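Look at the two complexes coming up: chain A is in both, with chain B in one and chain C in the other.
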Partner chain A sequence: MIRRVYPFIKITFLEGIRNKIASGIIIFSLVSMLSNVIIINLAAQDVGKIAIDFALSSFSLSGLFLILLGCGSSLYKDIDRKTISLVLSKAISRHEYILGKFFGYLLTLFFVLGLSSIIGLLTLYFIKLSHPKHFVAPFSGIFLGYIFSFLSSILILCVLIFFSSITTSSFTAMLLTIMIYFIGNSIGELRDFAESQAAIQAGFPPVFKKILLVVHFIVPDLAKLDLKIFSANGLPIPHDFIIFSVLYGIIYCAILILLSMKAFERREFV
Partner chain B sequence: MKKVFLWIIILLLLPIHYINLEKTRLIRPLVKEEKIFLPESFMKIFSGEFKGVIADFLIINLSSYYGGIILEKKEAIQKEFDYMYRVLKIASSLDPYYFDIYYFTQSILAWDARMPDKAIEILKVGSEKRENDWLLPFWIGFNYYYFLNDRKRAAFYFREASKRPNASDLVASMSIIADYEGGETEMAILFLEDMIKRTDDEHKRGKFLIRLDALKKIRYLEQAVENYKRKFGMVPKDLNQLVSENIISQIPDDPYGGKFYIDEQGGVKTTSNLRFVRKK
Partner chain C sequence: MLTLKSKQLIFFKVSINLYDVKEIIIFDKVSKTYNLGLGKKNIPVLFDISFKVKRGEIFGFVGPNGAGKSTTIKLILNLIYPDKGDVLVFGVKPDDAKIRKNIGYLPEIPAYFDYLTPEELAWFSGRIAGLSDKEIRERCDELFSRLFFEEHRKKKIKELSKGNAQKAGIIATFLARPKLLILDEPMTGLDPIGRKLVSDLILEFKDKGHTIFLTSHILSDVERLCDSFAIINHGKIKYSDSKDNLIKAGRNLEAIFYEVIGLKNNH
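Let's turn to the complex of A and B:
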């Protein structure tokens, strides 16, 4: 199977990095890191914190843009241009098509975001050298922040692949992915709020809590993969939290890819 | 020819663009840039994964907002301080680990706005989260001590600060002084004994032992005053009455070179205030 899917992964990857959006993301990283060097001069004390926040936030945004703009339309292009029929008529199954697309995009993300993270880390290193007293966060934590942000991007990619396999327009898939991105980033906080005294005093009905529990189970909790505050403030990250969060992300991605494969089985290309 | 013509138009438009830019900058009516914020819990929900960076921008904005006020009219009015309190509170809920929030809280709310209660409210959030930072409980203690005149609470927070890593020795001393001034001599003695046990530095130990000696003498005199009150139903006028009524044999010497006395509230104090008295 690997031998059959490998050329397809390679094509998807090459198509991904040749895309103008990929080079746009690299330019975005360069510009945002240049801005970072300027913005830190506005900090009162915590220069490192602002620099790391800015670097990790622009990295997350890069991932989101790359997935939505770079990968979002690619699957539909195959359908519109009828190239999918050509691919599927060869020795590749529909399941393998989804897997090939996923790993191809994954490599694209790894390559582009890898470059973006190198730019970010080098900038942070330069800032640390110029402000040693006000940059106390260790690079191990920053590196972990980048890895988790990358994992979060993979999860969003899986969401997009899933919606692409069940909808007939790239716009709908992108819109639904953006919606899940916003809900996924705030669902944890929303549930905490629903269970707080403030929500009870504000008169939120108890059924609201149950609905949120169901939504929390279904929608990916992207905040679990968000270590920005830990990295920026140089806080220790418990090992069990790292393990369970990574497991959560991997299992959620696996479920989404399996569901996408199942949905793609029934897809008709007219 | 067509290409050159387009370039000429562009080059002609550039100075007009520049004039417009500068003109609008100069004649732009002053608008107070006070933004309306959602309550903290909603801000946390809607900030998504950008809580940290939003907190950064709120604080950077706040510093330029306050800087603008200082440049324009030297000091802010209450309404502006209330707005800054709101910004600091929201920022502390978005990223409670961010040091600059507390730095501005202490310098703007406590010192400039004289709103120590509000400053303490925000500093407590930071002190709880930044558990290895001694400065935040120190500032809380300082606000209780200096602005609110609450020695007991001040001593509690100074003590909390002194237990944290890299805390200045001054903090422990302030805790002892606040306890002493708040009439909590016993607490100060216990704390100091613990400090002596924990310190390996002989020089520090020597200083602590002198302070312990002074505090034990104050405690001894306080107990004598209590005995006098029980016997005569009133506070003695001065410490000599304790000697004349045979409650104590003599008034001990203050190791700092001061003199012990009874203050207006009936507490025992020393003229040295637990600092070495300079000989004239």
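Let's turn to the complex of A and C:
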């Protein structure tokens, strides 16, 4: 099957990296890393922590922009401008279309965010050289932080593909994806608060607690893939946390892709 | 459980259907209504339409805007599904992606991949149809030169004019030499030279036994190129006949078209 889908993966990737958004993301990475160098010179202490936190946040934002503006606009062209008819009129099944899009975008993310992470890591290395006393975090933890942020981007990509497969407008799909991104980043903390003693003492209604539990079950908990605190503070990352988070991410992505395939199966392209 | 022998028999049967059927497209009492979602009115588009496209012929499918031509094409390509009736392509329902290896589709509006070059679009079509890179290169050389399109080969499609984007689509459609070509307004945006080149290409493919389903608003083109025609209006087939019968009756397609849609053609 991969042999059959390969041409579609390749053109999706070519479209992705030639899109102006891709070069815009690289420029954004360069500018934000330049800002990083300037900002840490203003900081009196915690130089390493601030620099790593800034670098990983900017990387995470690059991923979100690339998915929403790059992959989102490409999906817009496919669905709203009906390029999809051209693809589905060929010997590509609807399942293969979803897989082709996913792997094509995945390669695009890998290429663009790969370059972006190299820019970030080189900048952090430069900062470490210029502030050796205030930069104690090991690069292995920072590297892992980048990998997990990349995983988080893949998850958001799957959310976008899923919403594109069930909505008729790509704009709606993008809005829903942004919503999930923000909820996903805070749902873990909200659930933890709802289950805490502080919430009980503050009279937090049990109904809200139940609602939060349900939402936490449905919406991806992006905090599970956020290693900024570990990376920036140079803290050791527990192995079971890594394994659990990676499995969580992969399983969630697989479920979303399978659901997208199912939704696409009987969809009509009017 | 199917035994290997019965699986082979089914495969054999499908193979026979695909390549030996006399009627490449069959529409049998097909109806379609678009359901546009909650709070929106359903739009009936096709009403019990039936027609057949024979192997090796050029079938002209004409009608005014909104008559149901694009819906018919979408049903052939399995982009939408019939509410009632049967659609058969190569003797089977069009939901099997493999049969589309034998179909080339040229859309009415050339919405291709903006950042690809015409050569890459052709490569995509060729590879999906199972051609090797060498075959694609050779056929590209032939088609790009035939359509005088060499200079645009490596330009991005979004940089091309509408007519040139149409040519890029035509090359991608014809490259794999599919047994069935579905050409939705193939002459749109083309200059007279382009129209002549594409007409020649269509006739050449017909001579080689390919089947062509053609829609066009240029009735003279349809009459000149096609072996049989159907006129659709308000979702119903209003007229269907062969070119031979048309000639025998001493009539022309344009006159019949205006008659069928209820317009007087005084000039």
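Throughout what follows, the second predicted complex is superposed on the first by the 268 of 270 C-alpha atoms of A that agree within 3 Å, B and C clash if a C-alpha of one lies under 4 Å from a C-alpha of the other, contacts with A are read in each partner's own complex, and residues count from 1 in each chain.
Convention: a contact is a pair of C-beta atoms (placed from the backbone, for glycine too) under 8 Å apart; a residue touches a chain by one contact, two chains touch by 3 or more.
All values reported here derive from a predicted model rather than from experimental measurement.
Residue contacts after overlaying the shared chain place A:57 against chain B, while chain C stays out of touching range.
In the superposition on chain A, A:233 contacts chain B only, with no contact to chain C.
Look at A:130: by the touch rule set out above, it reaches neither chain B nor chain C. Within the superposed three-chain model, A:169 lies out of touch with both chain B and chain C [touch as defined at top].
In the superposed pair of complexes, A:14 makes contact with chain C only, with no contact to chain B. In the superposition on chain A, contact is made by A:182 with chain B only, not with chain C.
Contact with chain B, but none with chain C, is seen for A:193 once the two complexes are overlaid on the shared chain. Of the two partner chains placed by superposition, only chain B is touched by A:42; chain C is not. Shared contact residues of chain A, touching chain B in one structure and chain C in the other, are absent. Listing the residues of chain B that touch chain A in their complex gives 41, 44-46, 48-53, 56, 59-60, 63-64, 95, 97-100, 103-104. Of all residues in chain C, those touching chain A in their complex are 34, 36-37, 74, 77-81, 97-101, 103, 105, 107, 109, 111-116, 120, 123-125, 127-130, 156, 182.
Chain A meets chain B in the complex at residues 39, 42-46, 49-50, 53-54, 56-57, 60, 152, 182, 185-186, 189-190, 193, 196, 198, 222-223, 226, 228-229, 232-233, 235. Chain A contributes residues 4, 6-8, 10-11, 14-15, 18-19, 77, 81-83, 85-86, 88-93, 96, 168, 266, 268-270 to its touches with chain C in the complex.
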